[in-house]
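Next up: some structures, all given as structure tokens.
Both complexes below contain chain A, partnered by chain B and then by chain C.
For the complex of A and B:
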């Protein structure tokens, strides 16, 4: 047992932290949108995938500096978020009376419509670009090793860490220090009340989608370049893990989702070390099950009954 | 029955058989069943192209006793395959059958050939049960049970004692890694880790770190080229510098495109490479391209060799006088047959093929042949 406490274990913890941050990147946008609409946006994983493809397209056509790629992808994410809201969510928000807002049927319809958009987008991408992995120009890959003694960190891991930290801090600043953030929190807290005090709920929801999808798309290209994988199915598996992190974190707590995502990543890496990689998913879902059984409102959720 | 009447009967049979040979000397035929239409038509048509090429080459040198090939379209359907098998069995000119494409259709048809005693040689059916149907089934494609041990011997010949195995968690990956690990241990080597990953995994750093802890001298990969590309890149980033050997499933140009410099030095064994420097492969590729205007794939190579092995067996079994049984026995005696997919030997008991695979190493962004 003692020989497990060596440099490889530290490396394994680093791997797990990086993997957890990947989940966290996706979970942040996921949770933001859930907080406002109370509906899971299943198309978030596809925004992530489209962000990666937008970045790849920019790299292939323009070969811009890496920073410009991120800006272009952010812009693409913004547009995609607005589009997604228009196509999958707006049609189910025609009524603002209390009964419609609390209607489970409407919420389920919205959830299914985002799932449908997700499947259609993924299949269309497979049809047009093919299901196989895209080649990424070597110069853009975020795989340059950074040697710290016997440990090796990839440049992408540093970027993922910085991106996740920036996203998290910016979002906290936006939510708690700006007027837009105040409105988002108001809509999230009580949509009818927000409407009554004169907040343009539609605009706020669109803005939330734009911000959340921007983050999703940027995560897509960063993770794509870091793992060397860009393909139409890429959003699915990390999307599920981010969903698990969001549920464990209590559905509407962004810090909770981030912490849960990191815990998931660490558990996966360590379970690979102590058991085998085949078991790591079992451990993630086991954690989810335990959370749901013993902490039904998540580890960091508000102590209020959800309608 | 008296001895005299037996003698008469034998005389009559002899007379008839000599009559059928001289007066009705129809050319002997090979039955070729393959999916020429339907979902797998692209494979069937490659088989037909390659078989016709091999046949024309044979008939040019055997003008006295030419052979014909009768093609039948199985549409990739097992029922269709069975009715073709009945048709071929009833056709007295057919002394041997090649096909079908998939193991499913080959096995369904094979059960008929086992009854009617007609030799069947599949160019691609790799299911373990296929050659177990009867002594009349042969195949020209190697299976995991051959490739794993072959690679294990290759690695031990290179004086590597400790190997870690990483494979994909599915039927194929498990068979491939177990076959490899068993033979490597039998050859006196040590397996430091036997790891598998769930299909869909994209981050291999955790597995690589775990494997690195066991200090192997080399890694053996039994996975698809896309997983391989991601794994190789992450391995390079982690600074885990050990030689890599891979299963033939990684033999794909896309591997190099995806992994770039991370793929350098990876060693893979495979049966057919169109870029091989072997003169017979070059001649085949040139002739195939001249006739069909496309580079032959591994499938075309398999069919070309299967046809030539069958023609060779017919020639050895007496050419135009060949009987079905003689053809089967000649097939079973195939030894070191020089083909474009390697030299082929059929095991006389199991009828599984053995080939000397070509060894490749990725060097300067291309697959190049290496001796060891």
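For the complex of A and C:
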């Protein structure tokens, strides 16, 4: 099979896949939170960044085995998610009537407050640790190449692949096989209805934030372990890409977001064959605009009856 | 009255050495006022305003440094280029609402930034364009006066637009698009008109920026600038024109006054924005009170 393809091309595709999965990891949590609250959580990229830093801190202080680092980061993400919800989202959920649920002003206020929180977090981190890249200790780096015939894959890429798959499957299990998942889906479908059937909407929203942020934080440290350097601005660009993937996937479809994220990663990797690195950024924005114009419901969004 | 206060303030600044600061405040005032028209009055959340500002700045910078066009030609041309891009954006996104429109403008903003950064042959990439001629060769005071003149003109245009029946139509567009369509107005047309006007003024502001700093680089037109502009509008109160100007003054002058803080600029911006959203969601001068002032003013004029 490989004879048909240029080895370089396949290698490029693999790298693109890994990059796309990085976006997918962030997009999963992003989409989960959007699905429940119907507002964009701009601070998700910062959770991702903080997750990476929490991992670094854990490594520097305790030097635990790699698996324990992941667990610690997951716990940190959980706490951060609850905190974020408390600070930036709860104050705007004082009212539960239909008018304020549909109110544009409240939704925009939430969007802006998460944006403000994300700026504050990023700047504080920058002041505290400096804008420079922090490097992960060599022992934890996952850069060991694995040879597959003529191809080589870094072990970090394997980890990214495994994490993305695990997270995706776990989330699907959680959403469709557990009671909590049922409540989350109920709240995301109709918050008032969920309230009426006796679901504690506040708890469910907090739980969603905790789960989504846990995923964001874990993806941060996984990417940090793979790329080897973490810095306060690291959440911004992948955050935007994940955002693009979410919109392309149809805003509330997690599988759609994952597929779109992989498509984005592949397109970016392939485009570097033709244009320089800088221009490849343009590809995803172009794709975003095309999706918005021709598939306003996203590529995998729910079909909505048109009036 | 507010205009008079602004004038007095500028007169005071005029006397001091703060020309650069004053023109920066004016440029951001224009940006915030135009973003207020788009986001505050017409309710189209734009996350890419810096792109139109950047297009204006680059148009005038390139035309004046490469082709030696006079500022009186490049100023309107910068506005027109930005307005064209804005109109195109609005035409493309005319059916998108809420968060979709915000995402689309974010995408366009980033696309413009990436283009400015990477089209090295044309825009000189990250090095930026240096040696832009000043507005006029006369004293800096006259240059500042010219900037003030353009600012006032734009302010008047915006004021007449926002506080008119047309402005009310835009407010209706913000509240309920279907309702506007049912009243016999074309929402798509309104959106395009608003974007054209708003982006024209943003382009003008960009040109003024290029002439007053005499140096432009892509870094000035990043996503964070769009956010800063949005924060100015939020601080002043969404939909309130004097509020937008106040917000711009606050967010340009405060970091300068606290110069010793240095790197804290974005932190200050973020914290102020968060504080206002949390505790003063109507902004410094809310839309309602701003409208009331203008309307009572009009009534007084009618009676006299």
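Please note the rule applied: the second predicted complex is superposed on the first by the 299 of 307 C-alpha atoms of A that agree within 3 Å, B and C clash if a C-alpha of one lies under 4 Å from a C-alpha of the other, contacts with A are read in each partner's own complex, and residues count from 1 in each chain.
Keep this in mind: a residue touches a chain if its C-beta (ideal position, glycine included) is under 8 Å from a C-beta of that chain, and two chains touch if they have at least 3 such contacts.
Values in this document were obtained by computation on a predicted structure and should not be read as measured data.
**Q** Figure out whether A:281 sits in contact with chain B (first) or chain C (second), or with both, or with neither.
**A** It touches chain B and chain C both.
**Q** Quick one: is A:11 in contact with chain B, with chain C, with both, or with neither? Answer first, second, both or neither.
**A** So A:11 only meets chain B here.
**Q** Examine A:91 and indicate which partner it touches, taking first as chain B and second as chain C; both and neither are also allowed.
**A** Second partner only, chain C.
**Q** Touching A:123, do we find chain B (first), chain C (second), both, or neither?
**A** Second partner only, chain C.
**Q** Of the two partner chains, chain B (first) and chain C (second), which one does A:154 touch, if any: first, second, both, or neither?
**A** First partner only, chain B.
**Q** What is the shared patch of chain A, the residues that chain B and chain C both contact?
**A** 236, 276, 278, 281
**Q** Touching residues of chain A toward chain B in the complex: what are they?
**A** 6, 8, 11-12, 15-16, 18-19, 22, 132-133, 135-136, 138, 141, 143-145, 147, 152, 154, 227-229, 231, 233-234, 236-237, 268-269, 272-273, 276-278, 280-281
**Q** Show which residues of chain A lie in contact with chain C when the two form their complex.
**A** Touching chain C from chain A are residues 39-40, 91, 104-105, 107-109, 111-113, 115-120, 122-124, 126-127, 236, 240, 243-244, 247, 251, 276, 278-279, 281-282, 285-286, 288-289, 292-293, 296.
**Q** Which bits of chain B are touching chain A when the two form their complex?
**A** 169, 195-198, 200-203, 205-207, 209-210, 212-213, 226, 229-230, 233-234, 236-239, 254, 257-261
**Q** Which chain C residues qualify as touching chain A in the complex?
**A** Touch list, chain C to chain A: 43, 45, 92-93, 95-96, 98-100, 102-104, 106-108, 110-111, 114-115, 117-118, 174-175, 223-224, 227, 230-231, 234, 238, 263-264, 266-267, 269-271, 273-274, 277-278, 281.
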